[in-house]
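Look for chain A in each of the two complexes below; its partner is chain B in the first and chain C in the second.
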Partner chain A sequence: MNSLSLTLFDCVVLVTLLGLAWQLLATPDLFKAMVLFMSFGLVMALAWVRLAAPDVALAEAALGAGLTGPLFLSALHRLRGTRKGERRQQLDSIEHRGKIEKVTQRTSGRIIYLLLRILFAGLLLTLLVHLATILLHVEYENPGLGVFVAEQQEESGVISPVTAVLLNFRGYDTLLEIMVLFVAVVAVWSLATVRFSEKSGQVSPIQQGVVRILAPLMILVAVSLIWQGTHLAGGAFQGGAVLAAAGVLMMVSELPWLRLIPSLPVRLMLVFGPLVFLGLGVSCLADGRFLEYPGELAGFLILLIELACGLSIGLTLACLFVGGRPVDDLVDRGQLEEGS
Partner chain B sequence: MPTVSASFWMVLPVVLPLAGGLLCFLWRQRSLWLPLAFALVNLIVVIRLTRLLLIQGPLHYQIGGWETPLGIVLVLDGPALLMLLLTALCGAGVTCYARGYFAYRISAQKQPGRHERQERFFWPLWLMLLAALNGLFLSGDIFNIYVTLELLSISAVALAALSGKPVAQLASFRYLLASLLGSLSYLLGIFFIYRSHGVLDLGLLRAVVEPGSSMTAGLVLMSCGLLLKSAAFPLHFWLPPAHANALAPVSAILSGLVIKGSLYLLFRFWFDTFASLISPAALNVIGMLGILAVFWGGILALLQQRLKLLVAYSTVSQVGYFLIAFPLAYHDATLSVWTAFLFMILAHGCAKVAMFMAAGTMYLHSGHDRMRDLHGIRLVMPLTVFAYGMAGVNLMGLPPSGGFVGKWLLLTGAFDDGQWWWSVAIMAGGLLAAAYVFRVMSPLFQAPVGASIFDGRPTPALLEWPPLVLSLIALLLGLFAPGIMALLTANGGAVISGGLP
Partner chain C sequence: MREVLDLTGIVLIVCGLPFFLSGSLGLLRFPDIFTRLHALTKADNVGLGLIVLGLICQAGSLFEALRLLMVWLLVLIASSASCHLIARSALEKNIKPWMRS
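And then the complex of A and B:
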């Protein structure tokens, strides 16, 4: 493709992004906002491709456009599912509008309201312009850390520079990030139990059949994405996201055995990835080296860590979609009391 | 140059609690031993690190063996070690107290399942938070600090929501939003700094920092994020409801330890890494915010009807003192303000943890924390009330408490520097603290009106002793001043070490 058409493409992507973002913020309908957010994620992934960052593009497509949607949907569903939530939503909009209308009935009120808005927008705009000018004036000659990564690439045990940074040079960061995901699940479990809704019976057998075929394929794709991470774009996060998407599909199609999974194996799998990562890091600690993989084993160990973490990340994201601890988790005297 | 085998001890304060958190989530056996073992081992490791620091001077550890521009370095110097010590001490205290707290509530036979659930989720979250704090104090890399901040705030928010009451959930949701906004602002700041200088390591950054618009923009964004996270006036709005409505051990952790993380980072950035960017005007703005915080927090604390809210507002007020240290540290050649800052952090950490624990015990016994209905509770739990009073002495800054040493050093700094006006706020703040502490103390000693409303069961030792020990440590901190100074100036006299090994 010639450069003119590429520039045109970039312009279209940019304008679409801005337009989507504006509509997303302006729409009062939460469902519409959610759909817009997913499309925003897709276009954003395109933008990342154009910025020559295929890893980020993959993650954005899988997480931003893919998995965030179902997460929002389930949150929205819960909000609408309860009478309290629904009333709250109505009240919020009525109250908010009422307040504004009350203020804007008088002309002076209307003018003050308008002035406040303009002032706020002006402040934000000034900040934005300032930051943008500073960015434009940054001297571009500094190469960042890319040079160092390229120099040490051979010692890292993998071919993909992104994976080398994520799991070797700055593996400590990734270890802590995986702990952040783990803590997110613990937080969700501490807040709510999930009661899988009784069979709605609305799922057609065709959908279930398709999912039965699709899910194994998706798991294959996920594993190949993780494996591919050692030499191309991909890795534990992207693979985990695809795995989670397979899980979400199965849950939405109400496969009967999903409800019967007890808490202990889920906990084991959630802890598995972080524990393998930490354990392999510590196993090098005997001679005083933390997370320092022995040279010839580095590639293999990184693949091992990626597989384990990919599995746990997938389950983590799926658990976030479920939005609560399994029903049999912490069954005790109190559970029954609370339920009644 | 420290040997490799010695400095790997620095990894343990992060690795051990992480492993502990994972295991506590896996094995739900309702026992104290796993978390307590991890808290105690953490304390032992930190004591061992203290010895290493005194013998060898500041330590550096390259994670994965990668050199600085590429890899991440852990740095242990005097200030970082003192923060680790504070965290380990308070952590051990909180762990004991939490066990007693949950056991007491479970044995009350009122919704025991609910309390069991809270306890089982408390341990993994608390150990993860401990790991995040230790990692934050040890880290020598601005991006790694961001990751630890993220781990810290997610686990802190989850802990704040643990009580499950709608008020607590609403407050912790607000806390989550404020905290995420702070993180994002910090991340944007990193972006500006990395874009213009291409390094993330604190030591390397200190060498290349020069006044320039993108560096300043980065520092301003990072500082705003950190100020929001440490609830500096006027960004404190999220703190009182979140801290006051959490479970008692959680309130202690949040108020005593979590906000110290971002405050410590702020001080470190302004006076160590980015020191050459700082202008007196910016420092005066921070100092003014500090004065406003001291008064606003103090006055609102006086107006509260609920004990835990009072203690939470007193945190807002105390954060003001830390901010007042900023303008005083600027011309300071002897580094006494670094010492003052750390003394106040240590003293306030121990005292506030003790105070929230004591308030929590009173809450447990009476089922509420309305101050006018707490008359005569001294008869039921003399040790707890004593601990509360000792912690209060610290907040007022009476000798020989650590709070006194901190304020004294600040005052001398202010007068030596000719900036006497800051001292007015420091002293007035002490009076305000005395007013709100005595306001609680006096009804506690009055004879109860009518029949006793308190839960008749005896207070378990685990609920009484941790706050008492911590408040006594804070009280006697002033007597250990020479030892702490020795730690700060270990090996060579520099308070702060460079990032380069």
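And then the complex of A and C:
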């Protein structure tokens, strides 16, 4: 009974995922697509839980469903009113669809349309067949690398195997990921400027009140997620994402103190995680190899790196949401005249 | 004792399900945004409360029970706040509430 209901549950999750993915790709409405994407992330998190991968589930729920949504939303907001955005809306409009239909009513148009469809269907089918054959030939007896990780677990200094791999055995991977996030902020800052200190003044007082209750709780959850990473599911990325979500909530609620943060601490916090990670990795060179932590200190060092990286990841993601270098920052550093 | 608790839990959870059903039904069938919000937030919160109570009956420790209760409280706060925000932005966009015609 139990396994039957679980199988049923899995089937429902699978069908929902496929249905959501299809709708997400098929809808012409960008806002609807965004909402569908967030729903897809939540159901995907559920699927990861069923696959016994709580770390990925947490990351998917926090990043995929939680943080990408606001990122898309702010991108969508910016798209409106630009030339490209208007073009896109025009393409979505009913008139334009009518034009497409007119073209496809002509015989030559219809044949081209049909040929394109057959081409894409053929490509997808080949992909599907390839995937199916790969799946059929996978040897399920092969335990993968799990055994090797379990053997070396003691030396990693942490109890969670996922953290052991991410921060010890394959630490350089994670180091590079952190660097990629940092470079992303640098790119965003150099591409756009944002008037961060402008207030719309239209925020509901209820929203501000609720955020004042929720934000401290979210920060608590974030830090506990980071700390949990050493022995349970969680870690710097999951905690950082929750931290960033708290930041996004505070920013859209226009809490007054946020505007008063000077730019130097923000810059320092952005590089804090990557620097700590890199610094500790390099200092391992003294009596070993790069990122090879000495045995007795490994657990402590990993916790230190996770905390530093978690804070930086949170701030990085929040900065990505802002979507550009704050104008005040340019003014502060004398690169822009006040008031221009 | 264990059996009584388990049974109470199951009864509470089963009691919670119709609220979710009516909430979803309301979301799909009600005529405008305000009535839909009403159906969704009211019914689901009671449903979730009953399900959380049912799960607490089966919780292994006090800490676990408190955490479950916390989930319900946070959802209450978040859903009432988001309901308010959606209704507010709908009013700002001059969406007229549905009237029986």
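Keep in mind that, in the parts below, the second predicted complex is superposed on the first by the 302 of 340 C-alpha atoms of A that agree within 3 Å, B and C clash if a C-alpha of one lies under 4 Å from a C-alpha of the other, contacts with A are read in each partner's own complex, and residues count from 1 in each chain.
We adopt the following convention: a contact is a pair of C-beta atoms (placed from the backbone, for glycine too) under 8 Å apart; a residue touches a chain by one contact, two chains touch by 3 or more.
From a predicted model like this one, the values you see are computed outputs, not experimental measurements.
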### Message
For A:L275 in the superposed arrangement: first (chain B), second (chain C), both or neither?
### Response
first
### Task
Have a look at where A:S74 lands relative to chain B and chain C in the superposition and call it first, second, both or neither.
neither
### Query
In the superposed model, does chain B or chain C contact more residues of chain A?
B
### Task
Considering only the touch criterion stated at the top, classify A:T230 as touching first (chain B), second (chain C), both, or neither.
neither
### Query
When the two structures are overlaid on chain A, which partner does A:V183 contact: first (chain B), second (chain C), both, or neither?
first
### Message
Just to be sure I read the superposition right, which of the two partners does A:Q152 touch: chain B = first, chain C = second, or both, or neither?
### Response
first
### Message
Between chain B and chain C, whom does A:T316 touch in the aligned arrangement: first, second, both, or neither?
### Response
neither
#### Entry: chain A-touching residues of chain B, taken from the complex the two chains share
4-5, 7-8, 11, 15, 18-19, 21-22, 25-26, 28, 61, 63-66, 69-72, 111-118, 120-121, 124-125, 128, 131-132, 135, 143-144, 147-148, 150-151, 154-155, 157-158, 161-162, 164, 169, 192, 194-200, 213-214, 217
### Query
Which bits of chain C are touching chain A when the two form their complex?
74, 77-78, 81, 84-85, 88
### Message
Residue numbers of chain A touching chain C in their complex, please.
### Response
204, 206-207, 210, 213-214, 217
### Summary
Within the complex, chain B is touched by chain A residues 130-131, 134-135, 137-139, 142-145, 148-149, 152, 168-173, 175-177, 179-180, 182-184, 186-187, 189-191, 267-268, 270-271, 274-275, 278, 281-282, 285, 287-293, 330, 332-338
